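Quick one: the structure is below, questions incoming.
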Amino acid sequence: MNPATAMYIIQALHGLAYGMLLFLVASGLTLIFGMVGILNMAHASLFMLSAYLCYQVLAFTNSFWMSLFLAPLITACLGLLLERFFLRKVQAHGLGHIAELLLTMGISMVIAESVKSIWGTESLVISIPPSLDGLASFAGIHYPIYRLFIIGLSFCILALLVTVLYKTKLGKIIRATASDPGMVSILGINTPKVFAGVFALGAWMAGVAGVAAAPMLTVFPGLADQVGMDAFVVVVVGGLGSLLGAFVVSLTLGELNSFGVQFIPKLAPVLVFGFMAIVLSLKPNGFFGEGDH
Amino acid sequence: MSFILETQDLRHDFKGMKVIRGVDLQIRQGERHAIIGPNGAGKTTLFNLVTGMYRPRHGHILFKGQDVTKLKPYKRNRLGMGRSFQITSLFEHQTVFEHLRLGILSRMGVRYNFFKPMTMVKGLTEEVDAMLARVNLSEYRDQWASLLSYGKSRALEMTLTMATNPDLVLLDEPCAGMSAEETRNAVGLIRELTTGKSMIIVEHDMDVVFSLADRVTVLHYGKILACDTPSEIQKNKDVKDAYLGHGMKKQ
Amino acid sequence: MAGNIKKLVLGFILLGAIGIAPRFLGIISLNMAVELAIGALFAVSLNLLLSYTGLLSFGHALFFGMGAYVMGISITYMDGITLIPAILMGSLAAGLTALIFTPLLVRVTGTAFSMLTMAFGQLMYVLCIKMRGITGGEDGLTLFDMPLLSVPGVFSLDMTDPATLYYTVMGVVLISIGCMWYFTKTPLGGVQAGIRDNAQRVEYLGFHVSASKAVIFIISGTFAGLAGCLAAIFQQVISVDGFLRINVSFMPIMAIMIGGLGHFLGPVIGTIFLMFLNQMAMRYTDKVELVFGIVFIMVVMYAPYGIHGLWVKARIYWGIFRHRKGALGKEERT
C-alpha cells in the first residue's frame, strides 16, 4: 500500500482509539446528566482513579485481566457511594444544580490530591499485557494490537449499553426516568435506585476506560484534567444529555486530535476548543441538545 | 379595527402532537373574554403563543392591529400585553414590595439604568405602596413572597401582572385551587384591576366565568367549539357534549 | 435606622483600621493584606454573577487573566507607558472579551452556562501557552520595570514600595467593591435579582433578559480584569498557571460559597477565611489543597449558605432560645 494512505489509516485508527476511550468517559457523563441533570465534575477523576487502581492491582496480581475486572468494579462502587452519601444529600438545599456542580468539583479536588499523596506526582509506567503486545499486520499496515483491543472493547461496551438502554425493561425505565422522573415514581418505580444504578454504570464505564487507557496514555495526577477537559467538550458540544451526540463528537474529537497532532502539532490543543467554539456559536446547546435544563 | 387582539388560523404542535389546530380568536377592545375547555384543551398553549413563549407553527397574531407573531415576550409586554401564570410564578428570594417595584419600574420605562439607586427613582416607592394599598397587600409589604399563603400569592401574581399596566391581560386560571371565600376576593380583585382594560381569562370555575365574562370561547382539542355570550354558551348543545364527555370518545 | 448607624460606624472603624495598618504590620502581613484585597475584588466580581444573577461561571479566570496579560503586554511592548493607561487597557480588554462572548453566553443557562464558561476559559489558557511570542508561553511575562502610577505633574506612585502598593490596592479595591454594591441597588441590579429567581417572569414584565444579562456580564468581567491587573502589579510575574488555570476560576467560587451565597460581602468573608485556612494548613501539613477540598465539600453539604448562613441560623436559634426558652423551638426558617 502507498505509504501516505497507510499513514492516513494509522492516524484514523489512532483517532478512533482515543475517540472511543473518550466516548466511554463521556457517555457516562452525559447519561447521568440526562437522567438527573447533574454534570459530575468528578467523573474524569474516577477515570483517573481507575487507571491508578489498575496499576495497584497489577502490582498485586500481575494480571491485566484481573485489573480490567477489579478496577472498574471498585470505581463503580465508589460512584455508588458518591451518589448515595454525597450527591443525594445536597439535593434538598434548594440551590439547584449549583450545589451538585460544586460538590462534585470539591470531590474531584480531593481525589486528585489523594492520588498525589498515595501514588506520588511522578507518572507511572504500566506496560501493555504480553498477550496484547506487538503489531498486527493487515494490507501492508502494521498497527499496535493493544489499540485495536481498545477499539474492540469500547465497541463491545457500546453495544452492551445500547442493548441495555433500548432492549431491556430496565433501559425503558431509565429512559422514562430521564424524561419524567415524577411520573415514573408515581408508577411505583423506585427512581432513586434507578439514579444510583445509572451513576454506578457511568462510573463503571469510566473505570473501564481508565484501565484501558492506562498502558496507552501516561498515568499521572493531571490525567483527569487532560481527559476530563476533552470529555466535557464532548458532552457540551454533543448536547448535554445526548448519547448520540456524545458518540459523534467523541469520534470527531479523536480524529481531530490525531490528525491535528500529525499536521499542525503546534495548534492541536487549540483545535479542540476552536471546534467547540465554532459549534457552540451556531448551536449554543450543542449538536443534539434540547434547550436548557 | 376595534379588535385589540386577533389570531388568524393559529396552529401549534409539540413533536407532532397537534395541540392548537387552527384558532381564530377575536378580542374586542375593552371586553372581558373567558376561554373555557377541558383539561389539555390547549388553553395554556394558546396563551403561550399569544404572549410569545413559543413561535406558532402557522398563523398570525395581531395585537392592536400590529403583527406581533415574531416578537419576543418582552416586546409584546412593552406594547401593552400582560399575562399571569397558571402555576404561580414569582421571585423566591424577594419581598412583595420588591416584586411590584420591578413591575412599576418596567411601567416607568426604567430598565437599564445602573447609575441611580432605586430609592432615588422619582415616585417609585410611592407608586408601589399605592398599588399595595389598592390590593390590600400592604401588611405583607416586606414579607418574602415564598412565605405568603396560597391565596395571597395568587393575588400577588395577578397584581404583578397588572403592575406594568397592560391594555390587554391574559389570566391563566387565577382562581384555581382557591376556597370559596378566596375566590370571591379574587374576583373582586380582578374586577378592580381590569376596569377599562381588555382581559382574557382561562378558568374552570363556571361561576367565575359567568360572573365576569362578556363573551366566552370554548376550546376543545385545539379548536374553537363555540364563541358567544355566557347565556348562549350555557344553552349550546355542542358545549354540553364536550363537557359531558361525548367529544372524548373520538380519542 | 439604628442598624444603619451601626453599620456606618463599623465601616468607619474598618476604614480606619485599613488606614493605619501599615504602621503595625510587617512586610509579610502587608503583602498578605494586598493579596487578600485582590482576591476579594475578584470574588466579589464573580459574586455579581453567581449570587445576583444565578449564573455559575467556571471560567472567570479568563477575565482575570485577560486583564493581567493585556496590561503586562502593554507594559512590555509599549515604551514609556505609565501604569494608569495600562490598567485601563487591561480592564477594558477584559470587558471587551466579555462583550465578545455574551451573544453566546446569554443564550444558555444553568449547567450549560457553567460548561461554556469553563470551555472558553480553557481555550484562552491553551491559546496563551501557544502564543509564546507575545505571552511568553509557559514562562509567562515578567514585569522587570514596573512603571510609575502617575499623572504627570500631579502625582507619581512607585508600586514597588510595599506601603504605597498597599494603599493603592486598598483604594482601588474599596472603590470597585463600592461601585458593584451601588450597582446592585440600581434598577438594573433589581432586574438582575429577578433574573436570578425567575428569568421568564422578568421577560414577561417587559425587560430584555438577554441584554440585561449581557450588561452584568460585562461589568463583572471588567472588574475581574481590574483584579487581574492588580494581581499582576503585585506579583510582577504573569503566568498561565497563576492567572488562567482552572484553579484560578475555582478560588473565588470557593470564597463565595464559604462566605455565603446570596450575600454581597460573602466573598470577602470567604476570602479572609481561605487565607486563614491556607496559613493554618501550611503550618501543619503539606496537603493544603486536600484540606481545601474537604472543607469545601463540608461547606456545600452542611452549610450551603456558608458563614453568613450559619450566622443567620445562630441568630435565629439565639432568638428562639431567649424568647421561648426552648418551648417552641422547631419552627426555624432560613
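Side notes on the structure shown:
Think of it as A, B and C in the order they're written, each chain with its own count starting at 1.
In the analysis below, a contact is a pair of C-beta atoms (placed from the backbone, for glycine too) under 8 Å apart; a residue touches a chain by one contact, two chains touch by 3 or more.
Keep in mind that this is a model prediction, so the values were computed, not measured.
Touch-path distance (fewest steps) from subunit A to subunit B is 2. The chain occupying the central position, as judged from C-alpha centroids, is C. Per-chain Cα centroids separate subunit A from subunit B by 47 Å. Taking the mean of the C-alpha atoms as each chain's centre, subunit A and subunit C sit 33 Å apart.
Once the centre of each chain is set as its mean CA position, subunit B and subunit C turn out to be 42 Å apart. Within the complex formed with subunit A, the residues of subunit C that make contact are 50, 56, 103-104, 107-112, 114-116, 118-120, 122-123, 126-127, 129-130, 246, 250, 253, 257, 261, 287, 289-290, 292-294, 296-297, 300-301, 304. Interface residues of subunit B facing subunit C in the complex, by the touch rule stated above, are 51, 53, 72-74, 77-78, 82-83, 85, 89-94, 98, 101-103, 105-106, 110-119, 121, 147, 160-161, 163-164.
The part of subunit C that touches subunit B in the complex is made up of residues 182-183, 185-191, 193-194, 196-198, 200-209, 211-212, 215, 219, 262, 333. Subunit A meets subunit C in the complex at residues 33, 37, 39, 86, 89-90, 93, 95-99, 101-103, 105-107, 109-110, 112-114, 117, 225, 229, 232-233, 235-236, 240, 266-267, 269-270, 273-274, 276-277, 280-281, 284-286, 289, 292-293.
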